Amino acid sequence: MFKNLPFFPEAASAQAGQVDAVFFFLVAVTAFFSVLIAALVTIFAIKYKRKHDDEIGEPIHGSLVLELLWTVIPFAITMVMFGWGAKVFFDLTRPPIGATEIYIVGKQWMWKAQHMGGMREINELHIPVGQPIKLIMGSEDVIHSFYIPAFRVKSDVIPGRYNTMWFTATKAGTYHLFCAEYCGTKHSGMIGSIIAMEPAAFEAWMGGGKAEDSPVAAGAKLFQDLACITCHRTGAQGRGPILTNVFGHEVELQGGAKVIADEAYVRESILNPQAKVVNGFQPVMPTFQGLVTEEQLLQLIAYVRSLSQPGAAPAAEGTNSATPPQGKN
Amino acid sequence: MSAAHVAPKSLYYTIFAALLVGTALTVGVAFIDLGAFNNVAMLTIACIKALLVILFFMHVRWGTRLTWLVVASGFFWLILMFSITMVDFSTRGWVQGTPK
Amino acid sequence: METLNYLNNGHGLASWLLTKDHKRIALLYLVSITAFFGLGGFFAMLIRLELLTPAGDLLTSETYNKVFTMHGVVMVFFFLIPSIPAVLGNFLVPIMIGAKDLAFPRINLLSWYIYVLGGLFTLTAALTGGVDTGWTFYTPYSTAAANSNVMTAALGIFITGFSSILTGLNFIVTIHRMRAPGMTWFRLPLFIWSHYATSLVMILGTPVIAITVLMVAAERALHLGIFDPALGGDPVLFQHLFWFYSHPAVYIMILPAMGVISELVQTFSRKNIFGYSFVAFSSLAIAVVGFLVWGHHLFVAGQSTYAGLLFSLLSFVVAIPSAIKVFNWSATMYKGSVSWQSPMLYAIGFIGLFTIGGLTGVMLATMGIDIHVHDTYFVVAHFHYIMVGGAIMGYMGGLHYWWPKMTGRLYNEPAAKTAAFLIFIGFNLTFFPQFVAGYLGMPRRYHAYPPEMQVWNVMSSAGASILAIGYALPLFYLLWSLYRGAAAGADPWGAKGLEWEIPSPPPTENFGTTPIITHGTHQYAPSKEVGIV
Amino acid sequence: MSDAHAEHYPGPLHSPPVKIGGEGPAHGHEDGHVHHPKLQHHFDDMAQQAEASTLGMWVFLVTEIMFFGGLFTAYLVYRAHSPEAFQEASAHLSIGWGGFNTAVLIFSSLTMALAVRAAQTSESAKTQVTWIAITMFLGLVFLGVKGIEYTEKFRDHIVPGPYFDASRWEHPAGVEMFYSLYFCMTGLHALHMIIGLGIMTWLAIKAWQRSFNADYYTPVEVAGLYWHFVDIVWIFLFPLLYLIGRHYHHG
């Protein structure tokens, strides 16, 4: 029944080694102190076992030196743990520039993934080995948590915002994907597979997708269908800011405050347009809350973002790319 | 108990007047645009008013050191809850990966 | 001729249900928390039975989710939090400081009724369809998705919270205002120090969970939208408010147990504690710093990284006073006269298990590790080491230690030793495998799990059945002692403390005249310093 | 430090550190002098009993601070997140009603303080009851005004939930959040007022029965602490809810 006794999880990402190293250090400290205390207590219990009913212990009130020792030494050890653990955490939460991005949407009870190349998957995620992958994740309903034990990474997926995580797979193979935050009846069924492939195999797999299905293309289509284009353009009808070269740059708002136009900002501007209006524009944009799904939001963001990339296609017909970007709404 | 301090009525009337003045002042300040200073002024006045009530109407002015300690710890914990929660909300997004 | 004591001073149901005697109220609590412990244990057995096999084949997913929710709610709010304070604390706090009762006897009785009322709400929620949110009630699942019994359960927790607040309030006022002449702060038994610290947490933390569950209820019932993302609400704010109480609540469970262990180690080593003031102040330090660490539950929840850093740092700081206590307990046994009676077995078990529980807590405070083990069985194992291996071991040890005082009877010692061993072995077999399963990546609250993790779950379930026998045994020999146990006498252990100088069971007024205290407890011999100072 | 109690060690090992009277468990108060009828059996004297009660109320008020604190934390977080929406929503509240109610509550705090003083100085039952009755009347006025304000909110569909009218606001989401908090905070405050009125009713009856005088007025004192606390909460609610949008300009 239990042919191979699994004792330690497979380590299949560049990060796993880092996490395991801190873990081993802490296991060693834990084992040392647990054994030390257990040994002291056992030895004292045996050595000083009561010999007769009237026996009393030797009255010792304490020792300042000992108290200081067992305050300072554990404190010093924990500070090492803190520093090391925090460093690993920072490495695990800061994606490198240029990581391949994949959009993830969690909903009760499945994981949906959208590759930039157009492939879409449910409860499966194909990734290339050796390439840093950054996941941008949102939820359609309640809080979920994207967890790949073999990669030692996890991040909650929260409705109303985007969380990111990143990893670099080092070994081809199929790994568990779990939802780690309790999300309702079929929580334990919200599982899937991470399929790490050699780059060549991955390219072949990606070749199965069509470019017009890419999030950027889908977002461009939505930009037309939802009539965003009627305002976000130059000319008299251009009541909204032009979106070329906006993403990733600073935007000046009414009242002089400034924000970086990132995923969260674009999302907020679509769902709650009056929240942060760009300086020089009227707050006339209607909300799209309830009109676009989480996946469509991600597509729109992908499109807005593509307008800021070198060699980006013009935003839409009617846009004069020579116009200096004024921000967006 | 019978040894407890009995404050003169005139003191209570003075505190009452001060509280009314404070209220009028808060309302007045609210109509002047002082930017962020509006909040500071408003909360300062509110804190002074609360302090007057605590010290005189609630007799803490004549209370034991323990009473002072209990009152102070209540507000201390409140501020602790505010400030540590805000550590999260005010530093969100500082370590997001920068979009290229 | 039977002397008058608190047990035979008045008969009939009304003399119990309307009593204002802290000792009788302690027994009312003892009976009710034992009932809830049985209920919570029943849910635990269902969980362990279901997890014997990887497939979810015993219960439906929905039932399983309700079962672990009720297990958590019942055990946390209706057993662990009231256990030591409301039973042992209620009985002993006035006696240990030389008072006739708590400062507010009527409020004390009221707190028990409030507790029962809250319990009835929760039972109603369980019986009329159950709640499936987990004991953490995370939004937006609890406000938007889960079934409507959330309201009933939330109200149950809200109500029970006030019972906890009133108990804490009573203890604080009693310890400040009711100490006998000569009972200075540094002569107080350490049990009192730890209950004082516990009470601080109860009064400062509990109101926050009360208002938080009230906001969840308002969001469900009145459609107010405080945590609703559509209105710009933040579900993470709920987690902040929830853990602002619920992390310190862990200290409500463990601090009284630490107080019990301090008493046990001294009595059964016939020695005063090593480093009294360090042990006393470490309780306060845990209570205060314990309020600043709640965000370590939110490392992967989208909390800002810098807030995470702060919370991680403070979490390591709170580990230090716990370490100080463990070292001082061990040092107290050095050159003692160590008795192996059953309460001491629990104390020794506590020290070992709490060390493991505490150190695995340090692992979880390490951000780099937590990102992997958060919300896995590693966390489940860790907090059971603290709550079961710590708090319940302390409770069992204390119950055995003071049982002769409470009832005037001695229980069967071999049976008690057997139970202590069974609990220790059963506990470790149940929860140690969960550390391994957790690091392997088994998420908590999973109804079905990958087959390769079965071996650890089978071990865990096997351990649970031993644990169940261990917990069932005391029910028999303790009840048996009530009828057949030998008379205990005032001080069956040769212990030093005010409670051992009055008859067992104590008279209703505790003390005929107010005692005058001349020195601290557990003075078995004239003191002398250890060589190096 | 660790030898804090060593110096008090009396010497012989088993010397009992307490002197327990020989007369047995029952009735500890047979030591001669007359006790106040309101003295409970487990207190030594009235001073200890009064100190315990006021300390108990203060500790309870600390829990109340934390209770409201949860809501204030939510307010702080969301106001920092959407300041404009909060200003827009606040501008809709009636500063007249709010200011009037503030004055009413402050006045009631004064009359409450005078009620306590009347008991402290053993004034006549009539005087005591009068101050308590005026305090209660002011409390009712406050609740009445609150009722008028709530009615307006229902009429104008600015109560959060399915009937919330989003169309009239520039920042509907933030405004709805503001009003969620507004109803939670003022509702909870009003609930405390209602509980306070219940306590005051009991107090008035007791005062009418001449229960309170310079030797025993703890219930009035303790109820007063509670009443003043509820006033303090409003002292903060008024500027935070009513006054933040006064110079808000529609964009």
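Each chain carries a letter (A, B, C and D) given by its place in the written order, and its residues are counted from 1.
As a convention for this text, contacts are C-beta pairs under 8 Å (C-beta built on N, C-alpha and C of every residue); 3 or more make two chains touch, one makes a residue touch a chain.
Note that this is a predicted model, so its numbers are computed, not measured.
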Point to revise | Interface with the most contact pairs, given as the two chains involved | key: A-C
Exercise for review: Could you find the chain whose CA centre sits the greatest distance from that of subunit D?
Suggested key: A
Review point. Can you give the whole-Å distance between the Cα centres of subunit A and subunit C?
Key: 36
Study note, to complete from the structure: subunit B to subunit D, mean C-alpha position gap in Å, rounds to 15
Practice item. With chain centres taken as the means of their Cα atoms, state the distance from subunit A to subunit D in Å. Key: 45
Review point. Among the residues of subunit D, which are close enough to touch at least two other chains?
Key: 1-3, 6, 13, 51, 55, 59, 62, 65-66, 69-70, 73, 77, 81-82, 85, 173-174
Study note, to complete from the structure: Contacts with two or more other chains occur in subunit C at residues 176, 204, 208, 230, 232-234, 236-237, 240, 244, 275-276, 278, 305, 523-527, 529
Check your understanding: Multi-chain contacts in subunit A: which residues touch at least two other chains?
Key -> 56, 61-64, 67, 90, 93, 272, 275, 289
Exercise for review: Sort out for me which residues of subunit C touch subunit B in the complex.
Suggested key: 176, 204, 208, 234, 236-237, 240, 244, 291-292, 295, 298, 303-307, 310
Study note, to complete from the structure: So, in the complex, the side of subunit D touching subunit C is made of residues 1-6, 8-11, 13, 16-28, 40-44, 48, 51-52, 55-56, 59-60, 62-71, 73-74, 77-78, 81-82, 85, 160-162, 173-174, 176-177, 180-181, 183-184, 188
Check your understanding: Residues of subunit C touching subunit D in their complex?
Key -> 3-5, 94, 98-105, 107, 165, 169-170, 172-174, 176-178, 180, 184, 186-187, 203-208, 210-212, 214-215, 218, 222-226, 230-234, 237, 240-241, 244, 275-278, 498, 501-503, 506-509, 511-520, 523-527, 529
Check your understanding: In the complex formed with subunit C, which residues of subunit B make contact?
Key -> 66, 73, 77, 80-81, 84-85, 87-95
Review point. Can you list the subunit D residues touching subunit A in their complex?
Key: 1-3, 6, 13, 82, 84-85, 170-174, 251
